[in-house]
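All chains are identified by letter, namely A, B, C, D, E and F, in their written order; residue positions are counted from 1 within each chain.
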Amino acid sequence: MRHELYSAVVCDALDALGFTRQSPRVELRALTGVHVLVGRCRTMLWADMAHVDPEPYALELAAVDACRPDDVMVAAAGGSMRSGIWGELLSTAARNGGCTGAIVDGAVRDTAKMAAMGFACFARGTSIYDSQNRQRVVDIDVAVEIDGVRFAPGDLVFADDDGVVVVPREIEAEAIARAWAKVHAENVTRDAIRAGMKAVAAYRKYGVL
Amino acid sequence: MRHELYSAVVCDALDALGFTRQSPRVELRALTGVHVLVGRCRTMLWADMAHVDPEPYALELAAVDACRPDDVMVAAAGGSMRSGIWGELLSTAARNGGCTGAIVDGAVRDTAKMAAMGFACFARGTSIYDSQNRQRVVDIDVAVEIDGVRFAPGDLVFADDDGVVVVPREIEAEAIARAWAKVHAENVTRDAIRAGMKAVAAYRKYGVL
Amino acid sequence: MRHELYSAVVCDALDALGFTRQSPRVELRALTGVHVLVGRCRTMLWADMAHVDPEPYALELAAVDACRPDDVMVAAAGGSMRSGIWGELLSTAARNGGCTGAIVDGAVRDTAKMAAMGFACFARGTSIYDSQNRQRVVDIDVAVEIDGVRFAPGDLVFADDDGVVVVPREIEAEAIARAWAKVHAENVTRDAIRAGMKAVAAYRKYGVL
Amino acid sequence: MRHELYSAVVCDALDALGFTRQSPRVELRALTGVHVLVGRCRTMLWADMAHVDPEPYALELAAVDACRPDDVMVAAAGGSMRSGIWGELLSTAARNGGCTGAIVDGAVRDTAKMAAMGFACFARGTSIYDSQNRQRVVDIDVAVEIDGVRFAPGDLVFADDDGVVVVPREIEAEAIARAWAKVHAENVTRDAIRAGMKAVAAYRKYGVL
Amino acid sequence: MRHELYSAVVCDALDALGFTRQSPRVELRALTGVHVLVGRCRTMLWADMAHVDPEPYALELAAVDACRPDDVMVAAAGGSMRSGIWGELLSTAARNGGCTGAIVDGAVRDTAKMAAMGFACFARGTSIYDSQNRQRVVDIDVAVEIDGVRFAPGDLVFADDDGVVVVPREIEAEAIARAWAKVHAENVTRDAIRAGMKAVAAYRKYGVL
Amino acid sequence: MRHELYSAVVCDALDALGFTRQSPRVELRALTGVHVLVGRCRTMLWADMAHVDPEPYALELAAVDACRPDDVMVAAAGGSMRSGIWGELLSTAARNGGCTGAIVDGAVRDTAKMAAMGFACFARGTSIYDSQNRQRVVDIDVAVEIDGVRFAPGDLVFADDDGVVVVPREIEAEAIARAWAKVHAENVTRDAIRAGMKAVAAYRKYGVL
């Protein structure tokens, strides 16, 4: 079901409910050839560092091992490009538990291998540096922010080439219902315009753009 | 004819005529799988806003309904990424009139659908936010600027993966003629180098790089 | 041989040897459809200019004509996007001598033609402006920096979609040996995780991530 | 009264009430030697332009002529540095009506003359370009945003060297009351620390930092 | 005489003559406590480097030794912050010849000592790094650009806290004459507004803002 | 003694010893009217956060209470402007222990009050937001980096209007000795130039610039 919705129409539904800031205004690109990702947020909060980490990888390993079906790993690193904080091995482990993809507000590496796995990964970009002693996870399973937008554990998230949008739990049912209605209304409008109706007339008639 | 020219050689021709600032130095990426766009500018000037728009979409609907064959819609939004100001429905309406593509100094959405339509769209990037109450068109059919480069209604514009270049009306004929000549000269030079001539020798002989 | 290594594992090997800053943290994208490049650095240092160049293209022509098998042309332009400093003709000439690709810390043009040639080109982006009277080469065959990382003539360089990494001559043999070992260890770890081992257990057992 | 409050403590009071995004995270510097500004928002929304303005300066002249005592002119230009949109003459006219200063999310000019007038002006920076045919006011007396923070007409606003904070009308009384209480609590804490109490102990005792 | 003019009014005069891009839109701050600088351009073009300079400081020493009365040293470094390219010793030498100040599109150092000398220095910012082996002058006495604005040797330049503006030689006399007229008209308008005239009325009457 | 040295000459001494990256290339401005700061690094590593902090302020309070004479607090926050992480109360507590100032790679608040205290504070800028639930200290007394430059606990650090430079322990004695020698050589050169010697001649004679 969810895969017939798409990020923009979900965002419009949230707008209509007064939730007007549910998509980060930073570029989170699909880097692995998979262009649609839907699921529920599992979160990691990352911090930069420059000293020797006494417990390298500790919390990210725990996080990937805890993944459950339908999880989308949300790695909040404040946009830091200091190292590649997500890659092939974490993807493999996360997928074992059912994780469907990752959204990384930072850099990743092993993009070619993740592409070969068919693992969805939306990120700011890439870095070939290992994260060890450069960045580490300081909290998991807490609410995080990307560009001021809150991603809480369990929130429904949609990502595609237009962007990323997160649906707060308390309005999820209503938002999804409205999104479906908007999909239908857009289809009607588009079909009318495609059939030659002027855009001004179509908007006046259907009230949707 | 125009499709055998390409942006870089047109830009070189403009250089030779003393018009050395005809390409914006901002990244306007081909987001819909169509990598070449040529036509004449039809312009929209966008402004950010944060209050309730009393007439949502008014001028952009008028603009798309007015499109004529060979038009390229140039949406000047000063690089604002506040919302997706161009998308599937506007593309559909614009194409009804003959519009061949859009150049957007801002964000667009519905990229997958525009790609399915085969509609050329060069833009700064994407945003899933609806433009309503976020941005609006404040003028149409006026000269606009992208990164300090002037795009006047009716000017010939070329866009491809190397960039975007606009040809002022008053020198269009001469610029196109020179561009054709440059294409020929580059072919000769390239063929000579490909055949093994040293680059220094080729440049000395043909004077083209 | 080299093509079985990849940038990230080489970077990890350099980390292990205490060379922790061998990859520029700037985005150098594969712009021509070739996603892997390995070879030895041949360098050009570029500078912006705005006056009439008395000797246009002089040093870059000399540089491409001097290319030898296995060369990777490294064009250090400080990230300037002022013009397209590398393109089809230089690629053709460089390839005549055996050059396998270019890494450009600046803008290039003719990307479609270089793609047709199968010439690898990693760069910051594109510009359709000719370099003449906009940028020029001021030195060749000297050590250059990209984002503070030193590229000396003859250094081994790897580039792929994860990034670019350069191996200083004095530790090349040891770095390559370690990279091979790391490839093997990663394979073992990945296979174990793929077979269902928890990531925490795999890291405890194999010590590699 | 208001001048004994300051932006940071007002922001803390708003935090305590759940209004955690009331200060733009852009640098709005005091450019005229006046470092504190308090008043109620009067708003102008600016847009970039590049064609000949048929009615230059029309709305900004209307806006300054409409100023009333205690007004702070808030010029929302989306951070555009295209021209100096506020200067000596507008300041003079605005002050005639009682305007106490300006907050400009864009560029200003005549800083030396505004300093000589003692007119408070917080802005992104300066530009010597006249705004005519470069930027114009497209709306006045509407809610505007600076960096995603809403400034509605009549809202109380504080600006000083720490930043700018705006108090939504509906919680103004409560926010101001809390800010006063926080001022007192901070004074007690600071005096205790100044007298030699450890910070850990002071925070444990007074609960304020 | 020149010191009674100021950058903004000169820029307005240039606007009126159709020279609408004579001020760089980059922040060139007065870093040494001297806030007004007027004179004729003497130019240096700088380039970044990372190898050992065989002739350190060669061209900049020649340039400062060549300074003549009324010169303003314009150091075009493309905004590079790689090192402090101007400082106390160069200022001292330049002043020996009559140089009145420097405009540096890059970083400087020794700001406290230049302030003690009363030497005007407008720059992007500071760097404590010596320029040796980091940047060098590659040309002197050529036309240079700062943010796309051309500064030719001998051009009249004005700098103050509002910005920097350069007057092309061929229109210098006319621009200065118009600037004087504009100063007068602004004074009349300001005095009228200060005396209580509404801004709308003043602009209608005097046509100046 | 140390106050007669200054950042630039220390940096030159480090250059001569082969330590060429000891100054961050980010703007760390003196925000409190104190323009020189010298001491030994005491470090805090900060991370952004968006959830409720179970132990607000815990580590920063511990850090300020631990301050000793000659300490300079180095707050490494990766340039985050999310909140004001240093202010009047922390300054007061830190000064109790002998701390002479703070270098903050992030935002601070209470600048006016720190200025009244005469407490040196170099920072990226200001934010009026409280750090609680926005940023927290995740480590103290570890090596940190600002813009890739390492600041280890106990390292000698100099800050002034030209920039910030840190001296690694292992070469401190030699660096300081060389800096003194450089001060002397610069004085001789400057006096010679001031007395009218050409810069070219002075550099040839004294070898210092």
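Criterion: contacts are C-beta pairs under 8 Å (C-beta built on N, C-alpha and C of every residue); 3 or more make two chains touch, one makes a residue touch a chain.
The structure presented is a predicted model; accordingly, all values stated were derived computationally and were not measured.
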Report summary line: By label, the chains that touch chain A as well as chain F are C, D
Report summary line: From the listed D-E, C-F or C-E, the one duplicating A-F with over half its contact pairs the same is C-E
Query raised in the report: Using mean CA coordinates as chain centres, what's the chain A-chain B distance in Å?
Result: 30
Report summary line: dist(centroid_CA(chain A), centroid_CA(chain D)) in Å evaluates to 35
Query raised in the report: CA centre of chain B versus CA centre of chain D: separation in Å?
Result: 38
Report summary line: Where chain F touches two or more other chains at once, the residues are none
Query raised in the report: Taking touching chains as linked, do they make an open path (line), a single closed cycle (ring), a hub with spokes (star), an all-linked set (complete), or other?
Result: other
Query raised in the report: Taking all chains into account, which pairs touch?
Result: A-B, A-C, A-D, A-F, B-C, B-D, B-E, C-E, C-F, D-E, D-F, E-F
Query raised in the report: chain E touches which residues of chain D in the complex?
Result: 31, 56-57, 61-62, 64-65, 81-82, 84, 87-90, 92-93, 96, 109-112, 125-130, 132
Query raised in the report: Hey, which residues of chain A end up touching chain B in the complex?
Result: 6-8, 11-12, 15, 23, 25, 27, 35, 160-165, 186, 189-190, 193-194, 196, 198-200, 202-203, 209
Report summary line: The chain A residues in contact with chain D across the complex are 21, 148
Report summary line: The chain E residues in contact with chain C across the complex are 45, 47-51, 76, 78, 80, 138-139, 142-145, 150
